[in-house]
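Pasting the structures here.
The two complexes that follow have subunit A in common; it is paired with subunit B in the first and with subunit C in the second.
After this line comes the complex of A and B, so read on.
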């Protein structure tokens, strides 16, 4: 079995199983924990609390005007590379083909962007990731709240992005090895995902919503 | 086996060509064609021609095993060098099971005589895989299994040329679940020089070119799959005339869309060009007339090991290579169960702590 066969075959299968198992474990455990009982009188109806939840979800997703001078750059870089990653993964033609093959459906309506544009976005995304990494290492507060989890995730992401670019640009050696390295990086990401801060992809919006919901219920939300 | 070694009494290829009236210019053109095909530097043509003229015609024994005759069909379509030229001038084809089937025991006797007379000197060409299950009983000829025949013939061979994906790597007969236990020659023979010329079928000019170059300069430089680097050094993708469309991100999405009509890259339609090492894109087929990608079909990677078990030919290279049989659903159910148990445990601890605090 060649390394490419291994990466596309048993390793991808194993990684998917770990991903599904781990993500559902973490989500189920979190959502079934329930909330602490509040003994005070609710200050808002369920509908008003839900509106408060959505309001906080929106507010937390945008720089606060009070701190915009200090946080806007970091948030712009963060948004930039997240949008880049999603564009590559969801609109890059080889990736769309991969999803369709993986989930076993045909979707001719699924749009794709030209390969050259995806390559350009990939290079831009890597540059933004580099800026975010330098900022993480250089910023005194970010450095203190960063741990192995953050850096290991970055290593996997860099490997994924660089091998993808190398495969497309024909750099770095034989295509089958570069493609295998790209798929192995993706497999590593799938395995690492449920046990790392990458779970923020699932937690971020529900946690913001419930935060706002609870605050609204207690009358603490604007 | 005795070693009568009559090869020293055989005329050299140069002498045979002189007798046949092949002129110097014609011979040099022949050598230049082969060296160009092998991407050898132009200055090496003279040395190649000198070595080839001095080489003696070797005895060649062609053993077909578990095969479809496609490789032999392909070999007969070699234009440069042409097969008849090869057979009459360059080699002495002493045995070919397929061509001599009607001769029965006489053919087998000729093979044994050739093997005995040229022990240690003859070239053994194999096509077809060798079945190994139930002691090789899936493939027999003349009362012997293919394993026995291969081992016997390999013993006195100067080199073995395994032509076709089956002889090189097992081929379609080795496809999962490989009912006959089919393997390639190199899986069984470890002590003789082996040159793999894979393909389904292999390119005719590559087969004849390898033979002629072996006569002139011995076993050529081989890659990790024992393929001559001269023919298998580059990927189809690297030499493909559609490569510029790949670089520009222009892909045919189906076989009848605008991209296909404009000759765009076939990667998304499953082309294995990027991972396939072969000379189709440069030498082409049928005397250079065309080749599969030029005809509008993606490369299926037939010169690569295990190409037969790489998923559908029309799925892209990054497609998954496994069948999901509900393991993900089981993993999901297990994840939910473990998560629920963890939450239950956490809530019990929470309640206990709250009770203790009260």
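After this line comes the complex of A and C, so read on.
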């Protein structure tokens, strides 16, 4: 079995199992802690509170005008490379093919972007990640609150992005080794995911919703 | 001006050995672990945005005042003891146990440099309720015997005596004197009343005209109300100190007195933390819904205004700034009532850049007013607010919280600031249409 076969065969399957069960367990364990009953007279009905929850879920990505002056740069960089990552993963032709093969379905309607554009977006994304990394190391607040989780996650993301770019641009040696390195990086990301801050990809939905729900219930600012 | 605060103080009661203190904090925090707390802890992406909303960080640019960092020991406890992979973390010792030294170091961060104002909860892209985590952290600190002595002592005294420190004369007598001095009848210990009322201790001592104003308005509205001599003080030092039990005992004093007179409504005076403690936390602490409504006095008056029962004169054209108390407005949900009252009086309101839900805290809330050692840091944070108020060009300065007024009054003396914080309810009382 070649390294490429290993990376997209048994290793990928193992990584997917860790990812799926790990994510499910982490979310379940959080919800199993249970929700407390709140006995104070609410200011809003459950429906109004739920509307508040959905409002924060959707709107919190855009900062309130009171904060934007101080947070705009950090948010632009952060959201920027997230948008880049999603675009590459969901609209890059090799990735679309990968998802279809992995899940065993054909989706000719799934749109893809031209390879050159994806490469450009990838370079831009890596640059934004670099700015985010420099901020994390250089900004006193970010440096103080960062831990192993933050840096190791970045290492895996860089490995994933750089091996992907090398594979596309034909850099760094034999294509199948570079591709294997790319897939191994992806597998590492899947394995690391449930144990790390990457879980924010799932937690963001209930966390924002319940923040908005609880605030709306009290009539408080959202 | 140095903003450094002195090292931690230990409360007298509670656990004393290092191990007992750590165990106390861990047991206390574990009591609070629910799905919402879990989500709040698990969601953090370490983006640091919360610092950009916090007046303590903005004023000092010291990274240690980053709100989410203030609960770091408790995040660690959660991951080690209750998180999804706690056995794994424990087995490989990936999350070390917290130490009493860490908790002692964090006392300043949880008590001196946080007003629990909740502004950081509005900026967090993940929707983390940082202020709630701080509150849970404070409870852990209390159970570890590490709440600041000033707050813990006052909480215990208030739970036992109904007021937080020794007084020269009983508060009932003081209340009567206030009534006499301002020529206002203040009903005390009536057997039955529709509305139960209490008063901020700080107003009774330093600003009695605000207490008289509330009574004057209620009298004009012909409200059937009463104070009770065993439950006059509105503040809840148990809430400040982080003690569930003392907070509950102090709340029960008001709850029982209100129940005894058959009150349908409890009107909380101009005091932010008293409002939070009674309006949003008391029912959960006592384990049952309260048999009466809880209304902040501005909310109560705005309801009377809407019902046509309260009619107000127009005030002068003086440019006026209004400070939104965090616990009443941003976190308490009394968003519009103060402005409805001001509008009815034709107040020439000049809004600050950050107002209503996004207002900066006065700097004194959350018990910070009571911490002598926190003064240098508080003044630094307050400068931000004073500049915002000055930038409105207003000459009159109103607010609806006695604790905020204490903080502004103190800052006024310290900075030789040219504005006098005034009570919104006093302005209402002075402008009731006969």
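Everything that follows uses one rule, which is that the second predicted complex is superposed on the first by the 217 of 222 C-alpha atoms of A that agree within 3 Å, B and C clash if a C-alpha of one lies under 4 Å from a C-alpha of the other, contacts with A are read in each partner's own complex, and residues count from 1 in each chain.
To be clear about the criterion, a residue touches a chain if its C-beta (ideal position, glycine included) is under 8 Å from a C-beta of that chain, and two chains touch if they have at least 3 such contacts.
Remember, it's a predicted structure, so these values are computed and weren't measured experimentally.
Trainee: See if subunit A has more residues touched by subunit B or by subunit C, and give me that chain.
Mentor: For subunit A, the partner with the higher number of touched residues is C.
Trainee: Looking at A:71, would you say it contacts subunit B, subunit C, both, or neither? Reply first, second, both or neither.
Mentor: Second partner only, subunit C.
Trainee: Is A:119 touching anything from subunit B or subunit C once the two structures are fitted on A? First, second, both or neither.
Mentor: Once the two structures are laid over each other on A, A:119 reaches subunit B alone.
Trainee: When the two structures are overlaid on chain A, which partner does A:143 contact: first (subunit B), second (subunit C), both, or neither?
Mentor: Touch partner of A:143: subunit C, not subunit B.
Trainee: Could you say whether A:12 touches subunit B, subunit C, both of them, or neither, answering first, second, both or neither?
Mentor: A:12 sits against subunit B, while subunit C stays out of touch.
Trainee: Counting only touches as set out at the top, which of subunit B and subunit C does A:34 meet: first, second, both, neither?
Mentor: Both partners.
Trainee: Classify the contacts of A:157 with the two partner chains as first (subunit B alone), second (subunit C alone), both, or neither.
Mentor: neither
Trainee: Between subunit B (first) and subunit C (second), which, if any, makes contact with A:26: first, second, both or neither?
Mentor: Both subunit B and subunit C are touched by A:26.
Trainee: Which partner does A:184 reach: the first (subunit B), the second (subunit C), both, or neither?
Mentor: Touch partners of A:184: none, neither subunit B nor subunit C.
Trainee: Of all the subunit A residues, which ones make contact with subunit B and with subunit C?
Mentor: Looking at subunit A, the two contact sets intersect at 25-26, 28-34.
Trainee: Enumerate the contact residues on subunit C facing subunit A in the complex.
Mentor: Contact set of subunit C toward subunit A: 33-40, 42-49, 51-53, 57-58, 61, 63-64, 66, 68-69, 82-85, 118, 121-129, 279-284, 287-290, 293-294, 329-335, 353-354, 356-358.
Trainee: Could you please specify the touching residues of subunit A with respect to subunit C in the complex?
Mentor: It is residues 25-26, 28-41, 43, 56-57, 60-61, 63-64, 66-67, 70-71, 74-75, 78, 139-147, 149-150, 195, 197, 199-200, 203-204, 206-212, 214, 218-222 of subunit A that touch subunit C.
Trainee: In their shared complex, at which residues does subunit A touch subunit B?
Mentor: 1-2, 4-5, 8-10, 12-13, 16-18, 20-34, 93-94, 97-98, 101-102, 108, 114-119, 170, 174-176, 179, 183
Trainee: Over in the complex, which subunit B residues touch subunit A? Could you list them?
Mentor: 235, 237-238, 246, 248-251, 253, 267-268, 274-275, 305-306, 309-311, 315-322, 324, 327-328, 331-332, 334-336, 338-340, 342-344, 346-347
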